[in-house]
Structures are given as C-alpha cells and as structure tokens.
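As structure tokens, the structure follows; a few thoughts come after it.
Per-chain numbering from 1; labels A, B, C and D assigned in written order.
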Amino acid sequence: MVVVMQAGASEEQIQNVIDHLVSLGFDIHRSTGVSQTVLGAVGVRPDFDPRDIELLTGVREVVRITQPYKLASRAFRPEGTIVKLPRGVCIGGAEVMVAAGPCAVESAEQINLIAARVARAGARLLRGGAFKPRSSPYSFQGLGEQGLRLLRAAGERYNLVVVSEVMDPSQIVSMLPYVDVLQVGARNMQNYHLLRALGVVDKPVLLKRGMSATIEEWLLSAEYVMSGGNYNVVLCERGIRTFETSTRNTLDIAAIPVIKKLSHLPILADPSHGTGRRDKVAPMARAAVAAGADGLLLEVHNDPEHALSDGAQSLHFEQFEQLMAELRMIAPAVGRSIAA
Amino acid sequence: MVVVMQAGASEEQIQNVIDHLVSLGFDIHRSTGVSQTVLGAVGVRPDFDPRDIELLTGVREVVRITQPYKLASRAFRPEGTIVKLPRGVCIGGAEVMVAAGPCAVESAEQINLIAARVARAGARLLRGGAFKPRSSPYSFQGLGEQGLRLLRAAGERYNLVVVSEVMDPSQIVSMLPYVDVLQVGARNMQNYHLLRALGVVDKPVLLKRGMSATIEEWLLSAEYVMSGGNYNVVLCERGIRTFETSTRNTLDIAAIPVIKKLSHLPILADPSHGTGRRDKVAPMARAAVAAGADGLLLEVHNDPEHALSDGAQSLHFEQFEQLMAELRMIAPAVGRSIAA
Amino acid sequence: MVVVMQAGASEEQIQNVIDHLVSLGFDIHRSTGVSQTVLGAVGVRPDFDPRDIELLTGVREVVRITQPYKLASRAFRPEGTIVKLPRGVCIGGAEVMVAAGPCAVESAEQINLIAARVARAGARLLRGGAFKPRSSPYSFQGLGEQGLRLLRAAGERYNLVVVSEVMDPSQIVSMLPYVDVLQVGARNMQNYHLLRALGVVDKPVLLKRGMSATIEEWLLSAEYVMSGGNYNVVLCERGIRTFETSTRNTLDIAAIPVIKKLSHLPILADPSHGTGRRDKVAPMARAAVAAGADGLLLEVHNDPEHALSDGAQSLHFEQFEQLMAELRMIAPAVGRSIAA
Amino acid sequence: MVVVMQAGASEEQIQNVIDHLVSLGFDIHRSTGVSQTVLGAVGVRPDFDPRDIELLTGVREVVRITQPYKLASRAFRPEGTIVKLPRGVCIGGAEVMVAAGPCAVESAEQINLIAARVARAGARLLRGGAFKPRSSPYSFQGLGEQGLRLLRAAGERYNLVVVSEVMDPSQIVSMLPYVDVLQVGARNMQNYHLLRALGVVDKPVLLKRGMSATIEEWLLSAEYVMSGGNYNVVLCERGIRTFETSTRNTLDIAAIPVIKKLSHLPILADPSHGTGRRDKVAPMARAAVAAGADGLLLEVHNDPEHALSDGAQSLHFEQFEQLMAELRMIAPAVGRSIAA
C-alpha cells in the first residue's frame, strides 16, 4: 500500500499516519520529496480497508498495491486453466466450445428437438433453465426438478454436456445428479452463501458477470468459489448496464482480453443476454470469438416466437447453423477451431 | 401496448403483426396515418415480452403501456403507506425516522455504547449486521445469531426498533425473534427466492435498491414481496454505480421524489453506503431529508478507526449528534419533524 | 405521439389534455379502455417536447412515435450509403477499409515512415492529428497547418486518402486543401456550430460518437450535418464511458449492428481510443470486423514508446501487420474483403 | 508516480523499467519486498502518460501521484475562492446565490416579466440563453445578439447580474458588453478552443460539468481556463448520464462536497437540467443547498407550457417563490443565508 500525503502536510500529520499504520502491523518506508511525502506500507492484511487511512488528516490518496484476489490471478497459474468436463469437452483449450439451448426447459419434446439440432450443428454443451429467476412474480418460473431430468436425458441422447443455473444453495444437492456444470447467474454473482456452497462441490462452476460488476469484483467472486477448494471456474461475460438503451445490456467484449491478462480462468461470452435481441446475437457471437473467447453460451429455440421465456433473444435453428458456419471461418484467425 | 410500424411497412407486414397479436389474445385498434400505421393492443398478460413483437418484420417500436407492477404503484394506495413498527415508530408519516448503528455487531459493549448514544441523539431504530456479506472471502463475516441476540438486547434497553440484514431464506426463521425489520441488501434485490420467502413473513421488509437497478426494477422487487401478502415494504436508496469514482457509489437523490410519484411505499436513504466515506455522509444525509426522504439509515460507530467493517463510512458520535441537529433545522422546510 | 393517461384519470383531466394537444395543432384519436384511456396525437412538430404533456395532471406517460432524425434513418436510403473517396476508396462497400497512422503528426520523417508501412500492409487511408485537443493544457498541442502539409505529402507519396480532425469551424477552410475526410472528435459530437459548418462543405465527414452519447443522439448529430446538404457522413464508434475502469472506455461493438439497422450510413470502429491500450487493440479490431464494421481507425506509430501523444494505444508496425493478416481471415466470414 | 511490478517479475524486467524511467528524466527509488518490487519515480512531467510504463513487461500497475491540475486544486487557495460580480454579488461566500430565468430569451416582454418576479423573490442573477445549442437542427436556435440586448436591459432594470451561455470563441467579443458571467455548457466542457479563449477574458466563467465527465476532468477544464490567467471560475453540477431513465440525468449531489474538498472554486447546482422535469426541481434544489452548494441555476418561465425551449423543466413563478421560501429555511442549517 502506498500513502500519498497532501502537499504541505505537516510533520505531525505524517507522524500520525505512520503511527497508525505501525499500530496496524505494517512496516513503513518513508520517501520525503521536495513537495510531497510518500509512505510505503508493507504487510497489508486481506481485510484491511484503505479508506481508513484515506480519512486521516493530511492524506491525499491511498493506493492498494496487492490485488485482492490470489487464486484467480494469472500469476497463480501463468499457463492458463483448462476446465475438463465429461464427454471429452475441455474449456480453455484450442477448441472454442459452444453451449446452446433454450432459456427454459419447457417439455421433453422441446428439449429433445433442440438438443438434436444444436448437437448436429457443433454445440458440445446443452444449456437450459429449470429454475427461472424472473423479474416479474407473475411470469413462468420453470419446471424445476422435472426440467433437470428432461435436460439430462436430452444430454445423454445427443452426447452433450449439461449446464443449468443454480439459484440457491438449497438446490445444489438435487441438481448434482443431472448437471455437469452449475451456472451462477448475473444476479447471484455476489450471493456469497451460494458461492461458498459451490466452493465445496465437485463440479465446475460457470460464473456470470454481474450486470454492474467490475472485472475485479467478478474475479473476487471467482476467488470465493476457489477459496473453498473448487478451482474449476469458468467465467462468462453477459453484458453490463450502461446508459445505452438500444440493446438490453452492453456486451463488454474487451473484458475477454482483459480477463486473459489478469486471470488464468477460461472465459465464455453470452451474446443472447448481452444484447437481448435475436438479430444482434450473431454479430456479437462472431465478435466474441474474434476477440479470443474460449466459448459461447447461446439461446436457441425450436419456436422462439412461442417460447415461454426470452424467446426474443433465442436463435432459430437456421440462424444458429449459419452462425456456427461463420464462427468456423473466424476461429482460425485466432488459432482456434470449432467442432464440425 | 402500442406497436409502431415502420414508415413504408407493407399491408402484408401490418396484417401479419395483427394476426400475431390476435393469436396471443389481444384486442387490436388500428390507426392508419399518412406515413405510418400504429396499432393499439389491449389485454397484455403480465408475462408478455414486447421484444417478441419488436422483432417482427416492419415493426419499428413497441411501447408497453401497462406498468409491470400493480401493488407497488401509487395508484394502488394514492394516500401513501405508513409502515407501523413497534415502540410507536412509523415510517412514512410526518416524522423523519433515523436508523443508526454499526455496520456489524462486534460485541455487547460496542453495541450498547452505540445504542445508548444514537438513542439519546434521536435515532428511533438500531441497525447492525450479524451476517455480513463481504466481497472478500478473507474478511470478517459477522457474529451470526449471537450478534442478533446482542442487538435485540441493546434495542430493548434503549427503546429502539431493531433492523438487521437477512441474506438467505434459511436465516429468516432464526432472525424473527430478534429483529423488527428484515433488511434486504442491494446485492439481494433480485434474489427472488429470498423475496418470495419474505412475502409470507409477518414483519416489515426494508428493501435496498440494487447497485445497477432501475427504479422500475426496484419497484418490481417490492411487488415480489407484496405479491406474497406482505405489504409492509420500506424502500431504501443506497447509491448506484456510475463512471464517477470519487465516491463509492452515486447516491441518486432524485430517486426520492421519483418514488414518491410512482409508488405509495415509504423511502429511506443510506448515505453511508451511498458515498462510502464518513466526510461525505452528513451533506448527503441533509440532502436526502431536504429532498423528502422518510428517513435515513446511517452507520455510526464508537471507534470507526478500529471497526471490523466499513469503519471508513461510519460517523463518530459527535458527527452524528451534529448531523441530527442540522436535520432538525431542515425537516420543517419539507413539513416534517425529527424526534429530539 | 401516444399519451397514456393514468388509471383513474378523470374525464376533466382527459379533456384538458385533449384541448392542450388540439391547441398545439395535433389531431387526436382517443381510445377508452376499461381501466385506461390512451390518446393518439398525429402531426408532431420536430421541435415539440413531449415532456410538456407528461407534466399535465392525469398523464402517466408520453411516447414519441416519430424518430427525431429523417435523413440519417435507414428508411431514407434502405439500400445503404457508400461514401466515395479519392483514390478509388469507398466506405460502406464490400471492402473493409482501414485508416491507420499516428495520433499526432510529429515530423516529416515520422509520418513518411508510418505511411509507407501502413500502406504496404493494406491501409487505404492515412490518419494523423495536426490540431490536438488534449485534456491537459500543459501537453503537446500538435503541429497545426505544418502537420497537415506533411500529412498530405505522405498521403500523396503512398497513395493514401488523408483523414484529420477538425476542432473548430475556423479551421475548416485551411484544412480543405490538405485533407480528404474531416474528422469530428468525440468531444465535438454535439458542437453544433461545427456540425452546421460541415454541412455545407464538399468533403466527407467522419463523425465519432460522443463518450456518453446514445445512438439516437449520435444519429441526430449526423442529421445536423446532413440537413446542411452534406450527405457523406461516416460514423465511428470509439467507446462509451461506463463504470468499468480496466479499459479507458467500453467499445460498444453492438452499436455496429444497431446502426446498420437504424441508419444507412457506414460505420467504422476505433479500438485505439476504445480501449486506450495497445495490447487490447488487436482483439477489439478483430471483433469489430467480425460484427460487421465497414472499416477501422487505428493508431500506428514507428516508435510508440516515444510518441508525443497516445503512444500507449498505438500499435507497433509488426503488430499492425499481424492484425491485418488476421483481419483478412475474418472478413470473408461476413462476406467482406480487405486489400492485400 | 509509483510503479508496481508483478509478483515474480524478473530482475531484467525490473532493470528495464528503471532504465526506461531514467531515460525519461525520473529519479527512481526502489523498494524490494518479499514478493514484489515497487518503484517510486519522482519528477513527472505534466504531459507524461502513465500507460507508457504500464505496458512494459513485468509491470502490474502504475499509480500517478501528482494531481494533473494545480491552479484548481484546494492546495492552491486553501481558504477558498469568492468570485466577485457586479451589484455586490459574491459567489462562494456566506450567501447562497440564486440565478434564475428562462432557458431562452424569447421577447422583451417575456424577459422583463420573468426578471421582475425572480428579482422580487430573491434571485440575484438573471440567466437566459441567446444562442441555443439544440440537439435537433429543426428546433428554435435563440434570438442571438438581440436576445443578449434584451437580457441586459432586464438585468439593469431589476438589478440582476446577467449570465448567458457562450458556445463558440467567435461569440465572446460580441457578448462582453451584455453579460457579467460567461457560461460554458456541458457539451463544451472539453471544447479546448473555447476554454483557452475564455482564459484571457476579464469576466468570470461559469463552467458546467460535462454529462459524462469525471470530477477530475471537470477540474482539468477549469485549469485550462485558469492557466490563461482567468481565475474567476465558478463550477456548476448539472447531472451525469447513468443507466437510470426516470430522470433526464442523475444530479450528482455528492459532487458538491467532493469539489469542496478537492478545489477552492465555488460550485452551483442546476436541478433544472439535472432532472429535466419541473416537479423534480424543487426537491433537488433543496438537496443541493442542504449539501453545501454555493448557489443554484434555475429555469423559471412566465408560461412554461408555451416556452420555446425546455418549458418542461421550467418552474412557474409560484413554484419558484415557494422554493425560495423553503431554501431560506434550509440555508441556516449549513451556516448560510439567502437574500430576502
């Protein structure tokens, strides 16, 4: 931590800051310049709040040096992490992985139809919601465990890894027999009860970025899970909230190269939630792969116009197939491939 | 719902939209202008997604007319709601109510010291965290049920209504004997499991605005609670995330008059979280009361420099006392008073 | 315009709104529903402010139907605009056009070195600043007209179209002999004096999006230029301001497909300003092309570490050459090509 | 400047950074810790770009220590600045100053009516636009110099200091005979041509915050004006752009205490532009005064429903008078007064 004193801070003020830091267990290195004094403080505890020093008289600024996350940082595994899933699926390797499926599982027929088509087009994972966190209390809330059973069966039949969202720690146990990856939605990115519970589970976690989360906060949430022992975390950028209203969210494509530098964890992009409109999904999916994403999370539906949720952002089968063809042309530009 | 067709949309496109709407159960009124056709659709279901129509060919824009919330809207109770609490405390009436206390309950001595002083200065509610949702897994996580017990005892001794945060549905039952108001934190504003559980509880809920929640989404979360039968919801503005970094959040003071127009629910402001720094709390507390807030949620600590969490945004006793004196001068300007 | 009355608005309130609208010259169509009345108002003047109606008693919401821009809208030229420049360069056609060069022209040697290399690598336009709008009054402010002369000479020698930024109407006349495209920077997107002056110039305008401009405001600025008679406007997305601080701005890649739907004008992306860091430029340049951009604006420098401005976001020659190779692999996926 | 090396940076990387800094003229102090090396660099030039160092291999973060503004910083005049205007009006002293008037001067009758009423109610400054920067090219653009003449005459008659917006350096000379304060609008906050021109003018400048400007950028714009020799700068907060759409902008009330700490310059608030709706102006005006603003900029109109611009955010006379009465009750709570 570096403490910058105001120009003109008195010797008494400086000494007061030093005493305070020493009482908190820091080692202090003092640099006295012509117009300003700067204090280096070594030995920060993880729960130290730099604002406590910022408020002392004569202090201009406090700069934290140590990153608040360790396990999630690139330095922890400079070579990068490859998350291994069943059916030979790896996220973070040379192959760009596509997870596709409906927003919500609606029926056996629906999920089988969709699974068949997305598998044929090259998806390796099947996504589908069973517990739906809807913003209106009057909307369809999902099929629950029955939805998971249908999802699992479709995954088995079409050789797809199964991903579904967990909303509450109480659901974890009942989900384990059905899903291969437990997804944490954007609204739960800082639900620490849930993150802690997932830290002791033996299944990979797909952690979506919160709508107003900084990249640092997102990595700190990953750290929560990892600090429990579960290192198989896959990040997923899904758009942040900005003043622009022509898309539902602003998909922060730059988060992909930023994460690649700061962390060893793989990162997917979700252009369905990131734009909220079917006609913007393909351009943004292409953009994400071109920027270096390790995979995509895409909503695809057999009949989007009559989907029970988020049909507006679900691709038709033909759109999905065309997109996969386009992605296969783009992937080699970044040294990647996509399953045929 | 109003559907605006593009200038130059063909008769076939218009008819297609009409057919689609009719199949969904809407009544349609068509206005054909010189350059544009506009369709009025009556009978929207609450779970209808306007984007489904927006994506049809020839459509320029879809405008939802019905507000997605009912119970939380001003129209539901034009005269406004007064939430009645024990000890004769009412939120939403002529008196501006102040809830004060530490971020986290740390010990019997600490909470008693604080309760005594804030009560004497005019606070009517005591706030304090027992379960702390910290963004770092390595930080102090609260005293748990023991903290609640200490909080309750201090409330009894100093005649203060007790407020504490609930983080998970599983905590509700154990909290009920100790707290008078269940607080939902910003990160849980869209935790629908929690909201649903609180809808069937017989205690008022203090619902903080999410860091990136629009006012409409906030009211929809209130609707979640109310739709379960619990109409005693108090809103609390605590700052939104913007590009400005000189304060932790941007306290959206304008949300106070906006809520007063859109909803009948009372609204508090939390300038401690809203600014993140002690020296900005008093100006923003005064601003909130001047703008018409029904009360304040303030962090106060006997020794902020050594608080176990959020000391940087906690007021010293003397600062709190001076603030209360200032607020007593401001309240009459908006036809309100503050307990002496 | 559609005026939605509050549920329970009185007949007197409704009549008052109708009278007000009629007095402003609107034709009114009234729909009386079970719980709500909706008024359609036809004949809006371009300078009408819908908030005037929103404030009348009993009104819940006013919805503007007519887009505030006409010439910039897709409907004006459904087939799209191709802006024709000298040397056979066209923006908006099948070829993705790359404009490259330094942030600021520093010397004849510098600009010639750069022009030679970027031309060889496939750039068709040369960019370079002569008047530099720096946020600090103590920074390098550009070479002025001498810079333009050097830029032009380098453009001639290496067959490159010349782009440079105009900051003030008073500079236009002196720039005309030297530049082929007049660039309007993000900070001037709503400098209406400048936009009006450019509307009567016979040179294409490259209009950057303001840092906090919505897409609608951006198109309205394009309309300003076009309303003067100059229809050769090229848009350029360069990042918006959000709460995320790990990049200088958030490059809104989705603006590319959004603009393609709303407008007929071509659109470029500027990942140099959009990210502010050299190591993020290539991923975002690839993303922009994959999303359908008509071209790129890129900062390239012979010695970025010693550039007089914005060296941190300038590519080295080798990085630019590799990027061009990658872009040539991506362009065909969107039916485009890039000059070899 | 402090350069934080990555954990595990090699000695060669560290030496490379040191050499680079030395070649740029810095003095270096090196601290080698157990896991990390930190370099202190003294002697930063104002035009140095820290990103240049951030990009060197092995560097984790670069922290600028010196504030980029000097003249605008609190340290330059710790006692605060009082800007003295004609007619005994001072901004920054004990009296809260109110500037009121229409968005645009429309006629002699209009401006006289308004001036008479706002003066009687306690306003000390008269505001009114003559050159209107409208976002639509089809809207009313102001009366120009004739508007200034009418404004001046009304100011003389009712003993009011005159404020009007300058949009372009070319307008300054013609405005000087008419106005006492030159206002720079939000869209021009970074129009450096204009700022530089105002730096050599002998009239105070009212500098509005840009819609997406950080407080640091705002102070840097003030520095631009001051670096030319004109130290009479008054800041004006007028709302920033956020994701919230229920108000036109989010009036950042916390900017008032933040500016008071960082700078010696006085600060006003403009709740008319800050909210965009008449019914939100009074609450926010009260909030601004309660938070410590040195004054207010308010739109008031004799007939807001028929104003030629921004009528929706203009107060009626009676509303203005009631607001002034409320403000007189609030001002003493912050040790201020308002003229009767």
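Criterion: a contact is a pair of C-beta atoms (placed from the backbone, for glycine too) under 8 Å apart; a residue touches a chain by one contact, two chains touch by 3 or more.
Just so it is clear, the structure is predicted and the values come from calculations on it, not from any experiment.
Asker: Going by the average position of its CA atoms, which chain sits the greatest distance from subunit D?
Answerer: Chain centre farthest from subunit D's centre: A.
Asker: Determine which of the two chain pairs, A-D or C-D, is joined by the larger number of C-beta pairs in contact.
Answerer: Of the two interfaces, A-D and C-D, more C-beta pairs touch across C-D.
Asker: With chain centres taken as the means of their Cα atoms, state the distance from subunit A to subunit D in Å.
Answerer: About 38 Å, centre to centre.
Asker: So what's the Cα centroid distance for subunit A and subunit C, whole Å?
Answerer: Distance between chain centres: 31 Å.
Asker: Centre to centre, by mean C-alpha position, how many angstrom separate subunit C and subunit D?
Answerer: 26
Asker: Two or more other chains in contact with one residue: find those residues in subunit A.
Answerer: Answer for subunit A, listing residues that touch two or more other chains: 212, 240-243, 245, 279.
Asker: Which stretch or stretches of subunit D touch subunit A in the complex?
Answerer: Contact set of subunit D toward subunit A: 2, 4, 6-8, 29, 31, 33, 36, 38, 40, 42, 60-61, 63, 65-67, 75, 241-243, 245.
Asker: Quick one: in the complex, what on subunit A touches subunit B?
Answerer: It is residues 20, 46-47, 49, 51-52, 54-55, 68, 133-140, 167-170, 187-188, 190-193, 196, 210-212, 217, 220, 223-224, 227, 240-241, 276-279, 305, 309-313 of subunit A that touch subunit B.
Asker: Could you pull out which subunit A residues touch subunit C in their complex?
Answerer: Touch residues, subunit A against subunit C: 212, 214-216, 240, 242-247, 250-258, 261-262, 274-275, 279-280, 283-284, 286-292, 326-327, 329-330, 332-334.
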